[in-house]
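In the two complexes below, subunit A is the common chain; its partner is subunit B in one and subunit C in the other.
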Partner chain A sequence: MPVLKLTLGRLVQAVILLFVMSVIGFAGIHAIGNPVFNVVNLETASADDIRRATIALGLDQPIWRQYLLFLGNVLRGDFGTSYNYHQSAFALLVGKLPATLELSLSAMVVAAPLGVAIGLAAGRQPGSMLDRSLLSTGIFALSIPSFWMSMMLILVGAVETGWFPSGGRGATIVIAGLEWSFATVDGLWHLLLPTLALAIPNIALIARLTRAGTIETERMEFLRFCRAKGISSRHILLRHTLPNISAPVITIIGLQFGGMLAFAVVVESIFSWPGIGKLLIDSIQLLDRPVVMACLTFISIAFVALNAVVDIVQATLDPRIRLSA
Partner chain B sequence: MNIFEKHGPFLAVAAAVIASCAYVYPAAAADELRVATAYKLMTLDPQYANLNENNSLLSQIYERLIYQDENLQLQPSLALLWRSVSDTTWEFKLRPNVKFHDGSAFTAEDVIYSVDRIKNVLQPPGGGFRSYLGGVKSVTASDPLTVVVETDRPLPNLPQAFASIFIMHRPASGSQTTEGLNAGDQPVGTGPYKFVKWTPGETLDLSRNEQYWGRTPRWPEVEFRTIENPAARVAALVTGEADLADAIPARDVSSLKQRGIKVASIGAARINFLQFDLTSDIVPGVTDKEGASIANPFRNPDVRRALSLATDRGILVDKILSGYGTAAAQFYPDGLPGTSSRLHASPPDYARAKALLAKAGYPDGFKLVLAGSNGRYPGDGESLQAIAQNWARIGIEAKPEAAPYSVFNTNRAAGQYGLWYAGCSGESVDIILDAVVASAQPERGRGSLNYSNYSNAEFDAMLIKAEALKYGQERDNALAEATDLVMTDQPIIPLYHFHHIMGYGDRVASYVMHPRGWTTAMQATPAKE
Partner chain C sequence: MKTEIIRISIRVPLLRIVTFPRALLAAYVLLALIAPLIVPQDPYDPLQLYGWEASSAPGTIGTAGFTYILGTDGLGRDIWSCILFGLRISLTVSIISAGVAATIGMAAGVAAAYFGRWVDVAIMRLVDLQLSLPTILVALIAVVALGPGVDRIILALIIVQWAPFARLARSVALTEARKPYMDAGRLLRLPKWRIILRHLLPNSIGPGLTLVPIEIGHAIALEATLSFLGLGVPIDKPSLGSTVANGFQYLLTGQYWISFFPGLALFGLVASINFVGEDLNHRFDPRRIDR
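Coming up: the complex of A and B.
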């Protein structure tokens, strides 16, 4: 019963969120400009071409009617046809999903354990040489803009040394109807630099958080008892400190992962990695409303789902936490 | 030192592993041409939209009746000969023994089908080529290799239209839909390369058409990869992942040359210019120095001339475009057919400009907003800044206002600008003249970019007379004279013709630039031939 109530509550929240998001997204695109100027070639189109295209896209209707039409179609599972690609917006989104998933997953697989390990190492001996050097490296990694870091990775890893490709996904193979590149050697090779570019700031962020938590927890009474009982410091660190600092770390991992799914635009553009972030920003620039709305819906759902996962994980790790709608 | 002693063997192994990986990559097929392009193919339907990116990439799969060469001259492609039989009748003799990629023969039926598909089948927003066929009454076949086009008025430039329209193969029944073509119904054309695979926004793969009617295509396989970020495109070229890259930023050319990348460039068959609001009584953003609104100053030709005289095109071309641009005084780069040999861009003359302003009644100048797009054309946003600084010297206080292209267009269409930066391209200079400065006459496709509502009856008459002439010297001269006449009135301020820049690596021996800015495998010659 509580599980049912919880799920229902979350679902209602998600629906409200999606509704609000759709209104904002729709109004936002409408406010930016008229998509028809990107659909026809303004340098050659006649006024008649523009007028016909406007009618064909339904842009001659008042905005509220356009929104109701859109809403009706979405409820029937149809996000509409991309203005620019003349393809189903949903299919375009699904086509970009593998690239996004493999990049953000691999970045998190690198960032989470490394960040936690570094944070624990630094937090155990606050003020030590190790701590101070890790801390300053972390601040550096966090403060450099990601476009610069990506450029430098390309410059060093690809242009100067030629070790890695400068961009693209490399060879892909088809699994479950979608194209994946992580399963080929060439694909993995292409994955490495963008993964680093995405992972480095996250390693720093997670490490900082872990370090702060570790310092705080190490001062606690129960840890002193542990030490007094003669438990090894490694055991204390992994079995007592780590679970106690996990709540904020898991939250940040979840949120950052969501951010990578949706907003890794800079890294995706520079490495010409055809992910959802790039699709979203391209579509916003072209005012391709069906694709923008499909992307925003996906991102909202992803965030809601990630939040739910984070809550569940926390509740299992920390018995004091009770899930609530 | 210590580290090397302790970990020396490990470091050596690591270095060896990394070095061996360098040999694994790049793993390109021996004869494949890999192209990094800024062009993002929108559709596999060659008749859906008249966008340069589609026309450029799809011209490898589909062909036109007539090919427009690098000097913008019309050359036989799928049609061998064309002639006007009467004022309103054109006859095209088709090339015999041409096969589509599926093996079927190319005949007049395919031409009829292609025209009909554009005129009657494709629904908006598709059918971007419909305007090219305005005035075409009927298309019939007098024999399988002869197409007769009847027009409802004399159309001496009809061959030009057929240099733009791609010929598709008539299916057994019905007609191809855009959705079907996009979903991978093998696009069937007559072109030198066959379609293999398309991933929207990512790659387009082609393979050589062994049965091609012309010279056997030089590259067995071609892959186009869309890389929109210019820095990433340059990086792909430098690392050897791409053999050829288009739209190279001018500022990267010298460093590319240092790395042994070859660069080719050509002045684009287009113009970027400033356009005025010439109809409103009060123009948005235009005020006197105190901020009080004033009557539209741009209606006075002296004001327009003064602004043009005070524009330093040298700075735009040398600094902003790093030399990869040509200062403009007319609608097309000098030397192309139909351009005037009497118009030349000159250095700014601030004294004369100030005198002209004074004569027009603005001795102290005025304030204006100079609007434009940002990132749409090479140098667009930066040009606004530079021009505003130029104009400050004659007392004009210009406020540059650059916006993303779609925002800019929405505002311009809503009449929120008085003076703005614009661009126009066309297959020939008369198309640009028609679009930008001819009096609006939508049913004839005139004045489609004449957002100024400029109207000059004398020029209109000259232009119509010139366009009624057959292709050749006489027509070109008449167009040049019409250009001379209209520029005395300064309806626009021509700024520059930017250059298309291509970079290519060792595997490409040479690349033939085309002023229309096309990127195709046909233009690249392999090094080992």
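Coming up: the complex of A and C.
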């Protein structure tokens, strides 16, 4: 029952969040400028052309009516037609989805095990040389501006050595009607640098949290009992410490996965990875409101949904959280 | 609290006060302060730029008679000068935004804790709303909604950053509000504003203050990222982020210096702030006994 209550609360919160975000995003794009000037060719278009284009896009209506219209359409699953690509904004988004998903997923597949392993190694002997050097390395890793790190990866990995391509997705393969690159060698090759760029800060973050959890758990009574029983320290670490810190680690992995979907904006722009982040930035610059709204809504829903899943998973794993909810 | 700090600083030898991150951070601040006096070229003044010297490699001697120690960018601007002026923008933007965000956030947090009921609900719902989205996304939406310009960036960063302060200050103020001195204040019939401003607030902001350096680091990184994406400070007022961004198109042809050096400066700045902040957190962490 508490899990149900938690889910309902999350749902209400998500709806409010999406509503607020849509109003702000909608008004924001409206405030920047008139999208019509990006749609018509300004050198050849007559005043009449511009007027017709404005009416065709529905931009002649007052802003509140545009919003209500938009809201009504969204509830029917229609985000409108992109001003620039002349196709459904939703279809455009779905087309870019695999690229972003495989980038974030592969970054997480790299970051999660590495981060947990580093965190366990560091937290096992707090204050040791290994611990202190890992801790400092982590702070460095979290301080690197991600866009600069991406550029330096391109500089070293692509421009100077020529080992890796500097951008793009490479060869893709169609699975279930969507294009994926992880299944081809060329695609994997293209995936490597952006994955690294997205994974490095997350390795540091996960390691930090795992370390803190490990130190806290290793101080507990039951671990002293394990040691007294003569269980090997490796066994203790993997069988007793790790399960006890799994809840916060799962939380951070879930949250960071949502963060990656958003942070992909930067990495995708630099590696010209044709995903949702790049679509969002390009569309903001083109004032392509339907696409911007579709992207923002998607990222928000994904993030909120991930949060909710994490909460629910935690509540099922940990009785203390379940009872206090 | 004040006497405490003085006592520590007298006992600790000088070498342990001057750690590397602190020295680096001090050097950054100093360079930013005296930048107009030491730059060889004013990168904002088009009359001092020579188009034919665009993208000169580091070490080239320019027409104006000085050496471009870090090279020039695509417009012929001296990278070293751009870095120093960019530092000024990055530091100003981040310090103002983190400072204002801390003030607003902690005031809101303490108010939520003291007044409770609907004030608490309203403020904390807002905080939850904001923390339930990734910061980069909130900043992106805020910048899109507010438009370009340095003042808008600061506003966007404040919008992003006040929430963590509010949450922290509220939790501290909640435990403070239960302490006897609060009852004493009420028994003395002190006016509400005096209880809040003179007693509750000063006792609730300590942990929040240790968050300030970390948030300054975040603000620098966020501003740079937004500028990099072309949504930050205008192109004629280059911050560190936009200078790195300007160099991106030259990177692929091997003219690394336009992006490399400003990015390195940015990295060093954020890293030194994070190390100092980490140290501060460590020192004021109540769970550590041997501090």
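Please note the rule applied: the second predicted complex is superposed on the first by the 303 of 325 C-alpha atoms of A that agree within 3 Å, B and C clash if a C-alpha of one lies under 4 Å from a C-alpha of the other, contacts with A are read in each partner's own complex, and residues count from 1 in each chain.
The definition used in the following text is that a contact is a pair of C-beta atoms (placed from the backbone, for glycine too) under 8 Å apart; a residue touches a chain by one contact, two chains touch by 3 or more.
In this text the structure is predicted, and so the values were computed from the model without any measurement.
Asks: For A:304 in the superposed arrangement: first (subunit B), second (subunit C), both or neither?
Replies: second
Asks: Is A:269 in contact with subunit B, with subunit C, with both, or with neither (first, second, both, neither)?
Replies: Touch status of A:269: both partners.
Asks: By the touch definition at the top of the document, which applies to A:28: first (subunit B), second (subunit C), both, or neither?
Replies: second
Asks: Counting only touches as set out at the top, which of subunit B and subunit C does A:186 meet: first, second, both, neither?
Replies: first
Asks: Looking at A:144, would you say it contacts subunit B, subunit C, both, or neither? Reply first, second, both or neither.
Replies: A:144: touches subunit C, not subunit B.
Asks: Touch test for A:85: subunit B only (first), subunit C only (second), both, or neither?
Replies: It touches subunit B, and subunit C stays clear.
Asks: If you stack the two complexes on chain A, which partner ends up touching A:159: first (subunit B), second (subunit C), both, or neither?
Replies: Both partners, subunit B and subunit C.
Asks: Looking at A:95 after the superposition, I want to know if it touches subunit B, subunit C, both of them or none. Which is it: first, second, both, neither?
Replies: first
Asks: Can A:121 be said to touch subunit B (first), subunit C (second), both, or neither?
Replies: neither
Asks: For subunit A, which residues belong to both interfaces, subunit B and subunit C?
Replies: 32, 151, 154-155, 158-159, 166, 269-270, 285
Asks: If you look only at subunit A, which of its residues touch subunit C in the complex?
Replies: Touch residues, subunit A against subunit C: 13, 16-17, 20-21, 24-25, 27-29, 31-32, 136, 139-140, 142-148, 151-152, 154-155, 158-160, 166, 258-259, 261-263, 265-266, 269-270, 280-281, 284-285, 292, 296, 299-300, 303-304, 307.
Asks: Within the complex, which stretch of subunit B touches subunit A?
Replies: Against subunit A, subunit B makes touches at 18, 21-22, 24-27, 42-43, 45, 48-52, 123-126, 128, 130-131, 178-179, 182, 199-202, 225-229, 231-232, 235-236, 238-241, 270, 404-407, 409-411, 413, 423-426, 431, 435, 442, 445, 448-449.
Asks: Under the definition above, what is the set of subunit A residues touching subunit B in their complex?
Replies: Interface residues on subunit A, with respect to subunit B: 32-49, 52-53, 55-57, 83-87, 92, 95, 151, 154-155, 158-159, 161-169, 179, 185-186, 189, 269-272, 274, 279, 282, 285-287.
Asks: Contact residues on subunit C for subunit A in the complex?
Replies: Spelled out, the residues of subunit C in touch with subunit A are 128-129, 132-134, 136-137, 140-142, 144-147, 217, 221, 224-225, 228-231, 241, 244-245, 248, 251-252, 254, 256, 259-260, 263, 266-267, 270-271, 273-275, 278.
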